[in-house]
C-alpha cells in the first residue's frame, strides 16, 4: 500500500500558514509539529470531554466509521502529546444508527451531563437540523461535519446560530461547482454546448440539501442549467432508470449528494449505459472519497480505469497525498494504528482534524476566560471569531459574525494513484488487488464559495 | 404385544380423563374399544400414539408397553416409527395434496420409503377406487373415499398395530360394511393387529376378536366377541335391543343409567 | 389474558366497588405514592427550584419521554391488547399528530387548540388505514399498517413538502400556557398530566360498552358478531382511538422536541412501541407503565452505562471485534436479547407478572 | 419513439431492469415464503439474515487465512446439529449416520481447506454458515413460541432482526464492501465485472442489459425451478408441504415436524445469503441492505404467502412496477410509494394474493 506516491517524496514542510488569529497576539507553540496557541493556564491533571454522537451504523456508516477511527487515533496521539494544555481529553461517543428518535434521546442525555458539554460534534445534516433550536436553548455550540443550510441558518437564514460547519454548506458547494463548471465547460473540460446538471442523490435531508431555488437560480446565472432531480433509496440495486430520466431531460452533468455506495452505483450505471464520456459525474465533497473510489473498482470504463475515476466535486480540504506536515502526521498515525485502506478517506482526516480543532478551540477559550469559567456560551464566543488551520492547513476555518460554515474550497477530482510510468498503481490488501483512490485538486487555489443560504449574499433574484 | 397398564391421563395438569385403564392387544388380534361419547376412547388411543402432547395432555401414572418397551409420553413420530399408526378420528387429510402424495407421506417413515411404489400398489389392491383418484386433490374426496385414503395412508407405514378411531363416523351403512370388510382383510393378510374405537358396536362386533367397554375413563367390561354379544347390557345399550331381541321403545331410554349394572 | 385477575378474598359487593379503578387499598396507596414521586421528581433535581441534587436532570428528560410514549403505547394497547388487531404503523400515526400540531401552530393556532385537532385528524387517518380490517385480519392487517408506515412518511416528504419542509425537520413554535412559555418544569407537568389523563381515559374506555365490545372481538370475533356486535364498526373505532392516542403523543412530542422530521417516526419506532406493549403486557391497562419504563430506561440509562466497559473488554475477549463497532452494535444487541428473553420467559408481560405477584403477596404464606 | 410520453428505449430499459431486479426480489420473497409455507411464521428478520449471509460470503470470498478455519468449524457445528436434531432418513442406523456425517464433514472440510477457488469456497462456507444461522434462529427463538399469539411471533422475528444487526455490526462494522463475483481479471490484474450487453438503436436509444443482473436472474429462475421440483417430487419437499398444511397431522403420520421446520429455516438462511450476494454483486454490501427486504414484503403478499410461483411473479411485478414507476413518475414515487400502494391494493382486492391458498382469515 505504501507506494512511491504515498511515501510523500515531498515531505519537507512547507512554511505553515501563520496562525493569524483574531485573538490579541497569541504566541504559538508546536504540539506534535502543529503550531497552536500557547496555553496561559496549565491544566495538567484535569480532564476535558469531547461529546459526539451520530450515525455510526446507518446509511452514513461508510464515512462515520473511519471518522470514529480518526477520533480514536487522534485522541491517543494528542493525549500522549500534552492534551489540552496538559488536560487529558476523553471522548463521549454514541451511535444514533441514523435514527432521529435516537438522536433526540441521546441529545437529552448529553445536555443533562454534569458539566454540560462544552461543544457537541455532529456529522449528520438531519441531526443538526433536528437539534438546531434545542442546542440554542441549552447553549451548547455544535461543530458539524456536514453542510446543511437549514441546520446552520434555519428556514429563513435567521439566528440563533449555535452550529458551526467544518465544511462548506452543500448549497454553497453546489454553487461553487456551478461557478467552476460554467467557466471550465468548454475550456478545461473541452466540452461542447452548455452544461446541464441533473441532481441524482439519496432520499433524505442530506441528499436533498443541494437542490434549492437559490442554487438553481445561481447556477442559471453562471450559465449552468439545472434540469431536475431524482432521489433514490440507499438500498437501490440500479439507477439506470433515474439516469435515463435525467439524460432525457438534457442533463450532461450529474451532481450527487450521496455517500460511498450511492455515488459508486451512479458511476457504475453511467458506465453500464455507456454514458461515461457523455455525462460528467460530480458531487459534494463526500463524493470525492476513498469509500467511493474503492467501491467503484468492480466496474471499469472502456479506458481501463474504474467507473469512479474522474468524479469532479468540491474539495474544501487537503487530501492525504498532498505533502504537508498535517497529512504526514496523520499518515504516520494511520500506519501506526494499522488502519485498513478502507479508512484512508476524508473522514479519517476529518476525525483527526476535529480533535485538533477541539484542542485549539478549548485552548483559546481557556486563555480568554480561564478554565473555571469554561462554558458552552464561551466556546461559542470563541467560535464566532475562530480562525484556525487545523492539522496545519488540512482544514482551514475562518468563522466570522455571519459566516458559520467553512467557506473556501477548491474543485477536486477523484482518481487513482499512478506510478512514474503513468500506470495506476496496484496494491495488494489481504490478498485483493486494489487501486488506491486519490483526490487531486483541479483548481489549485482555495476560493470562497458563493453564499447561497436563503437571503445569502450571492443569491440571485 | 401392546399392554396398557393402569394408565392415568391428565389434560393441562388439571383434568383427569383416564383413571386407570388396562388392556392388551395380542398379535393378529382385532380389539375394539367401545363406549359412549366422552368415555375416553380417543384419549386412550392418543396416549398410545403420542398425540396427547399436542393437546397438552400427559400420562401421569401407569405405563404403555409395546414389545417390551415403554412408549408412553413419546413423540408421535417416534411411535409411528415403532410400528404403531393411529388413524385419527374425522379423516384428517392433507387437503391440498393429491391422493398419491397423501399416501406417499404415510410411506416416508418406513424404510426411508424405498418401496413406496410397491406399497402404493399394495394399498391400491385393497382400495381399487383410490387408484382411479390418485391424481385428485384429496380435499375433494367424498367421506368414504377419504376414509379409505386415511386407512391406506396408515398402511403405507407398514404398521404392526393399526389404531382406527371411529372409521364408520358419518358413513352410509353400506360403505361402513365395505370398509370393515377391508379392515378384516388387512388384518388377515398383513398380520396387523388392530385396535378399533367404535361407537357403532354392531359393526364393530362383526369383525373384532375381543372388546373392551369404557365409561367415564374406566374400563367397565371386557370379553371375547361372543361373550360381549351375549351380554345383556351390551345388547341393551349398544345394540339397542331389549332382552327379547326386539327394538326398544324410545320411551325407556331415558332411564338407562339407573339400570346399568356396572355403575360404580 | 385479562386485567380482571383478582386475588381471592377480594370481592365486589357493590356497583361502586366493581367500578373502582383501584380495587384494593394496596393499589390505592401504591398508585398515589407512585404519582407523588413522579410529580416531585423535578423538584429534587439540580435544575429544580430547591437546588437539591437527588435526581439526575437527564432522568427528568427520560421521564418526559416515558410519559409521551406511554400515551402512544396505551393507544396501541387498546387496539392490540384489547381488540386483538396488530398494527405496525403506530409511529406513522404519531407523525400525523406531530405534523398537524406543528403546522397548525405555525399557522398561528394556539397549542391548546392545535393538539386536540391534530389528535382527531390523526384518528381519522388511522381510521382510513383501518379500513382493510373490513376484509382482512391478523397478519394481513399488520401488513396494511406496515404500508401506512411507509405511505405516511412518503406523503410528508413529497407531496406535502411545502407544509412540512420535506425531508428536513420542521421547527415547532413554542407552546404557551396562560401567556407563559411551556418549557422546563412546566413542560414536565404538562406532559405528566396529559399522560395521566390519557391513562384515565383509556382505563375508563375499557370499562364501557365499547371496551367490552373490543375485548369480545379480540376473544372471538365470530361469536361477537353473533352477539349482535358490529365487529367492523368497533374495529374501526379501535383504530380511531389508537390513532388519536398516537396523535396526542405525537403532538406532545412536537412541543417537547421543538423540531420534527419524517425520519423520527420510522418503522423501528413502531416496532419499539409494539415491543414496549408486549413487554408491559398487552391487554393490561398498566402495560404502558411497565413496558415503556423498562425499555426507555434500558435504552437511555443502562445501555449507555455499560457501553464504555464493553468497549474496553469485548475486544479482548473476541479478537475480531473492533472497539469502534461496539458503540453501534451494543444497543440493538442488548435490546434484542432483552426482548427475546421476555418473549420466551413471560410472553404475557410484566403487568401479568405484577398481578400474580400481588396475588401471591396477598395470599402468602399459601401458594394458592 | 415515445411510449406514453417517455422515450421508448427508456421504457424498454425500465422493463428489462425491472424484470431482472425483480429476479433478486423474487429470491428474497422465496426465502420468506418458504418459512411461511413450512411454519406459518412471516419472517421479518429475513433482511437481516441477508445482511449477515452476504457478509459471510464476503468474508469467505476474501483471501483470508481465517476464513477456511472458520468455515471448517462451521461445517462441524452444522453437522453436529444435523446429527442430533435433523436425522432425516428415518431408519438410518447410528453407525450410518456417523459415517455419513464424517464423510460430509471431511468433504466440505477438504473443499474449504484445499481449494484455491475462492468462489467455491465462499459458496460452501456461506451455505454452511447461513444454514446454521437459520437452524439457530429456529431453535432458539421460534420453537419456544409454539402456541403463542400471532403478534408474539411477529414481534419475535422483528427482534431477531435487531440481534442479527447487532451481531453484524460487532463483527463487520458497517463499512460498505464491493463483491465482484461475476468478474474477469482485467489488464491491471483486478477483478472486472463482465461488460453489459448493449443493444443499440432500439426505440431511439441504446438499451443495456446488465450482465450481473442477468446472471442473478438466471440463478433466481434456476432456484425457483429447483424449489418447485423439490416441493413436488422430493420426500422432504412433500413433508414440508404436509407440515405447512397441518403440523399435528404430519406428526401423526410420522413426520419429524420439528426437523422439517428446522430444515425450512436452514433453506431460508441459504436463500437469504444467495439474494444478498447477488444484490451485493450488482451494487455493494451495505448495512442498509435489510431495507431491501421491506420493499419485497409487498411482493410476497402479492404472490400469496404460501406460493412459490407467486413469490416469483410477485417479485417480478414489484421490480417492474418500481422501475416503470421511476421512468414515468420519478424515483421518489417509483421506489418509495408504488410497492406499498400495490400492497394496499392487494390487501383490499385480493388478500390471498394472486396464487395464495384461499384459507385466508377473512372477517
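As written, the chains take the letters A, B, C and D, and residue 1 is the first residue of each chain.
Everything that follows uses one rule, which is that contacts are C-beta pairs under 8 Å (C-beta built on N, C-alpha and C of every residue); 3 or more make two chains touch, one makes a residue touch a chain.
For clarity, every value in this text was computed on a predicted model and none was experimentally measured.
Note on connectivity: the fewest chain-to-chain touch steps from chain A to chain B number 2. Closest chain to the protein centre (all Cα atoms averaged), using per-chain Cα means: D. Taking each chain's centre as the mean of its CA atoms, B is the chain most distant from chain D.
Centroid to centroid, with C-alpha atoms defining each point, chain A and chain D lie 37 Å apart.
Note: centroid distance chain B to chain D, computed from Cα atoms, is 44 Å. Look at where the CA atoms of chain B average out and do the same for chain C: the two points lie 53 Å apart. Those residues of chain A in touch with two or more other chains are numbered 56-57, 61, 65, 203. With touch defined as above, residues shared between interfaces to two or more other chains in chain D number as follows: 165, 169, 173-174, 332, 336.
Checking each pair of chains for touch leaves A-C, A-D, B-D, C-D. Residues of chain D that touch chain C in their complex: 42, 140-141, 144-145, 148-152, 154-156, 158-163, 165-174, 294, 297-298, 301, 332-333, 336-337, 339-341, 343-344, 347-348, 351, 360-363. Chain A contributes residues 56-59, 61-62, 65-66, 203, 230-242, 244-245, 248, 260-261, 264-265, 268, 272-274, 291, 294-295, 297-300, 304, 342-343, 423-424, 426, 430-435 to its touches with chain D in the complex. Considering their complex, residues 56-57, 61, 65, 68-69, 72, 93-95, 97-102, 104-105, 108-109, 111-114, 126, 129-134, 137, 148, 150, 154-155, 203-205, 207-209 of chain A touch chain C. Against chain D, the residues of chain C that register as touching in their complex are 80, 86, 88, 131-140, 142-144, 146-147, 150-151, 154, 157-158, 221, 231-232, 267, 271, 274-275, 278, 282, 314, 318, 320-322, 324-326, 328-337, 339-340, 343-344, 347. On the chain D side of its complex with chain B, the touching residues are 89-92, 235, 238-239, 241-242, 245-246, 248-257, 357.
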